[in-house]
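Below you'll find the structure, written out as structure tokens, and then a few comments.
Chain IDs A, B, C and D follow the sequence of writing; residue 1 opens each chain.
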Amino acid sequence: MADLLTVTSLGQIFGTMTTVQAVDDVSFTMPKEPSIFNLVGESGSGKTTIARIILGLQKPTAGHVLYNNTDIGSKDKQWQTLFHREVQAVFQNPYSVYNPVYKVDRVLQTPIRKFKLSRSQQESREMIESSLRAVDLRPGDVLGKYPHQLSGGQRQRVMLARIHLIQPRLIIADEAVSMVDAAGRVTFLNVLLDFRERLNISTLYITHDLSTAQYLGGNIIVLYKGRIVEAGLTREVTKNPLHPYARLLIQSIPAPDPNKRWAEKLPLNMAEMSLVQSTNRARCLFAERCPNVMDACWQTRPELRKAPTDNTHEVACHLY
Amino acid sequence: MTQDTPQEAVLAIRSLSVVYVGRRSAAQAVTEVDLEVQNNEILGLVGESGCGKTTLAVAMLGLIEPPGKVIGGAVQIRTHDHSTQDILKVKPSLHRQLLWKEIAYIPQGSMSALNPVKRVREQLTDTLIEHGLKKNEALERARWALQVVSLDAAILERYPHELSGGMVQRVAIAGAISMQPPVLVADEPTTALDVVTQRSILQELVSIREKFGSAILLISHDMGVMAQIADRIAVMYAGRIVEIGSIHQVFASPLHPYTKKLINAIPNARGRESGERLIGLGGESPNIWRHPPGCRFHPRCEFAIERCSQQAPVFTSPNGSSGQRVACHLY
Amino acid sequence: MKNEEKPEEKSFRSRLQRYRPLARYLGNRFGVYLFTLWASLSLAFILFRFMPGNPMAMSVTQLQSNAGLIVGADKAAEYYREKMGLNEPLHIQYLKFLKNMIFGPFDFGHSFVKYPTPVNEVIGRYLPWTLGLFTTSVILAWILGTAIGALLGWMRRSRFASWAIVLTTLINITPIYVLAVFLLLGLSYKLGWLPSGRPYDAQMMPSWKWPFIKSVLIHAILPVGTMVLVWSSGWILGMRSLMVSVLGEDYLAYARAKGLSPLTILKEYAFRNALLPQVAGLAIVLGMSLNGAYIIEIIFRIPGLGTLFANAAALRDFNTMMGLLVFSAFTVLTGSLIVDLAMPLFDPRIRRSDA
Amino acid sequence: MKVRKFLQIVSVVAVLVMLLSACAPQTVIQTVVVRETSEPVVQTVKETVQVKETVQVKETVEVEVKEVVQVEVTATPVPEEVTYVFGDLPRNETYIIGSNSNNPKFNCFNYMSPATKCDEWNGGLQLSEENLFMGLNGKIIPVLGEKWEYNADYTEIKLYVNLKATFSDGTPVTIDDWLFTFQSAQANMDKGLHVGLSKNVTVEIAGDNVILFKFFKAADEANNIAELTVPSPNPTFHMSFINSTATMGYHPIPKRLWDGQDYVNYPNNPPVGTGPYTLRACNEDTFTCIWERRADYWNADLLPKPKYIVFTRYGTTDAAIEDFIAGNYDLGGLTAALNDRLVKENKDWSKFVGLDICPRKVSFNVTVKPFEDVEFRHAMSLLLNREAAAKLDTPASYIMLVPWPYIGEPNSRWWDPEVAKANDVSVYDPAKAAQILDAAGYKLDANGKRLDKDGNPIKIEVYSLDSGGWGAWPRLFAYDASQVGIEVDVKMPGDANVFFDAVMKGNYGMSIVWACAPADWPIFNYGLFTSSVQKPIGEVAMWGTTGRYTDETFDDLYSKLSAMNPDDPAVDPLMKDIYKHYVEVKPFVELFGAYTELVSYGRYWENLPDGEYIIWGTSYQKMLWEASGMVDSLPVYNP
């Protein structure tokens, strides 16, 4: 197997007496070749939990994660060091990653020191500056400043500069741009694309914002309440969504065109979740919001299977 | 729905300037902003973070607190009884009455907008009671308002953490409309929500406008959101309004280079399919403590001419029509 | 639409389900409480057994060195060691100790120093002073500190508040004994306004008559004043920063935008939310206040539990030391248990969250 | 303090006078000063003049001052106002004793139990008690006892008691009470710390006022040192039995109250005894005991002066200083430096010292190498810088030539200065120490370290306490020892228990020892080295025997001496012999003797005693007799 990352039947249950299944039988693989993989879902869909499991911050209750064919729970110290270098995370809140009492420089110097990337002061200085330029930042604007003196977009891009320094193989970007405004998003996404093309860095891009995933392309998984409801090439899935939830997501992206406004008002049941959370998971979890709901939806859990339309496309819905 | 015919604005911001007073200098957060919102209109206010949108919203409500300071201008609202009041000038007790009754605020729909230790009922009724309603009237009104935003009255007895983000946002909207104010100010009302919920909330705002004819000032950084529901749009850059016009005009023919960039920077599938990259804004967002002289956008502007760095542009209507105006030396 | 959740929602079971997290929360806290209590009991037992010296050897040495050679001193010491069970193997002593703790309950045996008075009686004698002076001071300091802190937080931008905070910080960093001695020398010795220590006039005997009560009250002014001054400063600083952070919350901005009156905002939005951590703090400190404050007791010559512990430790009165340690663990743990149990009443987020 | 306050008032008045002098008529001044007493007014004058010179209104002022003095001289002195303390006690009839005791049993009135930390001089219990005989100034003064008599073979003692005394509850002391007192002590000797009577004695009544003690041979002679009294003829007996220690003699206890009670736990509160004072109130909360003089005290001639005696506890040192300055105590003691300052700055306070009957010595643990070697002990003795250590301890210390405390010269019958000199008693001479070590085979290695006879570097573990001045000697010693190549590990545990534990179990090399001994018959000092009192290493040894030294010479001489009358001239050569042996074998060496310092307030009570009366284990009662000036008139018993 020549996969970079293999996630197999991942499951995560929280709580002991009342349980919440945050992740339910999620499998996917990312190839060795540099690629983008999108994980899309609303809050509570389990996407952040998956990120945490892959980063080794949390032990799954079921399934396992292989990185380069080795379980990420490996006890091998050397392997772990390598893993932590090759897999880097960018989180939602760029501020909380920084220690407010240190200058931004420290964030960039630490990996150089930790992974012994340079031999001289001069060399590390040059490396930092070139990394900053690679993420569209002027070194003079950033170096010597404290985190609070930077904008959210700048802070997020400093994290990317850090990644540029480390040159990992995989970036886990968890809601990395949800707190950055529209203008800053494009720069960030372009950097990710550059990384893939020029530096062979893959990205696992986790978001609730389908439009950014759309922009990045690659593969996509749509999650709903911990389960995969649709998977495939991003282009295919966004152009021709099969699952009613995926369809709803695509339709809800506000089109930047005043002539293409939403036609009808969204029924309330499709928008909001009920106050009462069902504990019965042997069914389609989207049933209560689904406009095409059938009896079968309440009774059996739809399996993820190949879509009739396209070979690369998978969907978990009783309609197909 | 564009109103080309002049009409008396229900909310008129006149030459409003707000600064933040630092230890040695003052930051110009909002500079000489003029805006009018008409009845039954959704006016979108768009700009990058740090451009002064939120400061403007807070100033509109007359709630600027130190170190912020309003150094000039007026915020006039036409009240239910057809008088005009300047929010910045009225005495505190009247100010509090005007808030909510005449101009209500819809916060960002996160949990933190509501007091975590009080039930929804208390948070809705306390405001109503302070605005002169009796206890049972207030409760009745709260029920009604929740119904308007399609929420079950059972929500009244819940605490904020028991609700989903969309519900909290609806509660906030319900609160804002409970006194049927002529003006609603919604500050990034959908930023923290997923797209489906965002859509339902935005549609809720539209239907509120339809039901009550309220004027809504919608603040967002998302051009997509604007395109979906705004009637008119004002683009703000570095504390100034740089372009204003009907949504159709602005999207069809953006005038200001900044507006153009904003529209081009919306991520979607279109650009990528053709293999193109979207172009970001380039350069850094403005630093309110050190605005460049002249047109504040000129350091990032590819069309900048010498004049741009010397003289601040004034509004013109290059298309001839009354609707679209721009502050740019190119026109 | 076939929705199987609907009927479930109405059932009693589901309503019970709703409070399951609460029940689990309470169960957890109580379990932790019992475990910690056991652990501290055992620690109390073990700790003192491994201290060097033993009470009998101390007595004998003291008497021998004071009075020369005494017939039968070591025999007498042996007699008492036997009588107090100190000659038994450690594990037997431990089991007996646990038995007395559970079935006594909390029977610590006799005080060595005040033999044959039971330890519980000894603690009972000192407890009223601790309760009356220290616990009262803790509560007064908390009320004052919370109220003043809330006000200072509310007026956080005023010049008065800034100066008040500077002053409070100064008081707060002053060691309590420095302030105590300063006040004692100033108000008592130099000015002669207040008595210089002791819990009441030396010639009085405790009674419920007015002259005695009056004497106690007058004597309490200095120590209670000192403690309230210093301790409240901590609460002021804490409450102020809590207020300032709560005032920065979104719901505060929202409350102002709703046109609520400042009083309502202060009371219902700012104060109430800032109060939660303060309440938690109080309960724990209340528990701890029962340990007395040794330094204050020494300075003002008050016979409280702190003095008792110091004396017991100096004289290796194991039983009394254990009694005090267990008593203190018990009150501190019970204090925090009460907070844990009461917190859901104050904070709805704990009541029904799964976290 | 009254005078200071008065001077303050006066200066204020003077300033007022000055200000008024410019505008007001002179009559005002007269009215101001009339109520003052004549003596301090002279001071007023001085004060006034000084102040006025600086203000340059000299002329007019001097006139005024003369006026004032004239007014004063003619005025009748107003008696000093009586102040009340502790509620209703007139200050001038109350004697207040301050203490820094933290004893939790401040109000403990039965000190029989070793478990209760109750001791006699805490709350003033001894004021209610009296001994049979009292040792004072080397004389034996009969109190409740009259005399004692031996039979021919010294197997019986008849003790004559006087039956004039009454208990503080008004009942007379009977011979039955006396019998009960002795029998109870005997029956409870394993439980109580009151001087226990040997089990080898029977006690019975042999007359109206006579108690008869009969001795018989014990089955087991491996006895405690204090049980040396049986069965051989033994005139030394009275030293240990009748008057064995200064305080722990026999106080009669009323059978009525004590019979059937638990001897060691009977509260005895309020205490019932024959002493001149009875307890009025005692409160642990306030650490204050108030004693009131008995109107029905039997020995009316010796009735002490103060009507009330109050024992109370100081507050913090700061507060205590203020209290001392204000004269809120009549007797007490701070640190030496503070005592000095107090006495220097306040003329009402005076300082006096008393002999501490427990001089400091250094004990060698002979079970630890190389302390088994007398030459090595000798060398260590020469390394002790006693002068310096004594100065650092208290200013009032003296270098000892004999192992018992003394004032001036030790009793010449019992020692020989030549012997002392020959054996370097209390001599500090590091050079000689090095010579001795070299000669004895303790060689220096290449690094300058002194090696023991097995060739290992010597390391000495020295134990002391760092309280008071006792931290000085080990540090000095460590320095001097290092100069001769010996490494010293000084251990001064902050916790006295650690110290006691190590020393009493024999886990040390050298240690400080304070050996308390009666100055008038010091053979106990030698008894510590007899084989009968020794304990193995690891067991808790009796204080003073912790060095585990014993030899036959001590056994032999000590058994002879303890059977002799100290007045017997035959004692002298034996005492000199045992002294010579002691200084030769050096199981202990003397460090220094010490005095105790106290300060007393003279405004209300004068002529307080000094000398040997304010010492460890000497009762306040004796002190108060002394204070009353009655000591000389006391009857003396000469057995």
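Just so we're on the same page, contacts are C-beta pairs under 8 Å (C-beta built on N, C-alpha and C of every residue); 3 or more make two chains touch, one makes a residue touch a chain.
It should be emphasised that the depicted structure is a prediction, and the values quoted were computed from it without experimental measurement.
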{"item": "Chain closest to the middle [Cα centroid of all protein chains]", "value": "C"}
{"item": "Chain separated most widely from chain D, comparing mean CA positions", "value": "B"}
{"item": "Chain centre separation (chain A, chain B; CA means) in Å", "value": "31"}
{"item": "Mean-CA-position distance for chain D and chain B (Å)", "value": "89"}
{"item": "Mean-CA-position distance for chain D and chain C (Å)", "value": "41"}
{"item": "Chain centre separation in whole Å, for chain D relative to chain A (CA means)", "value": "84"}
{"item": "Per-residue overlap in chain B, given as positions that touch at least 2 other chains", "value": "162"}
{"item": "Contacts with 2+ other chains: residues of chain A", "value": "none"}
{"item": "Sites on chain D at which at least two other chains make contact", "value": "none"}
{"item": "Residues on chain C engaged by chain D in the complex (per definition of touch)", "value": "51-53, 55-77, 79-80, 84, 112-116, 125, 129, 181, 184-185, 188-189, 196-206, 298-301, 303, 307-308, 310-312, 314-316"}
{"item": "In the complex with chain A, residue positions of chain B that touch it", "value": "48-50, 150, 152, 154-155, 158, 162-167, 170, 194-200, 202-203, 207, 221-225, 227-230, 247-248, 251, 261-263, 265-269, 271-273, 277-282, 284-285"}
{"item": "Touch list for chain C against partner chain B, complex", "value": "157, 249-251, 253-261, 264, 268-269, 272-273, 276, 346-349, 352-353"}
{"item": "Chain B - residues contacting chain C, complex", "value": "58, 61, 63, 66, 95-101, 104-105, 107-108, 110, 112-119, 122, 126-127, 130-131, 159, 161-162, 172, 175"}
{"item": "Contact footprint of chain C on chain D as seen in their complex", "value": "86-89, 102-105, 113-117, 119, 189-193, 195-196, 198, 224-227, 244-248, 262, 265, 281, 283-288, 290, 310, 312-313, 315-316, 318-319, 322-323, 326, 358, 495-498, 500-501, 504, 514, 516-518, 524, 527, 540, 542-544, 616-617"}
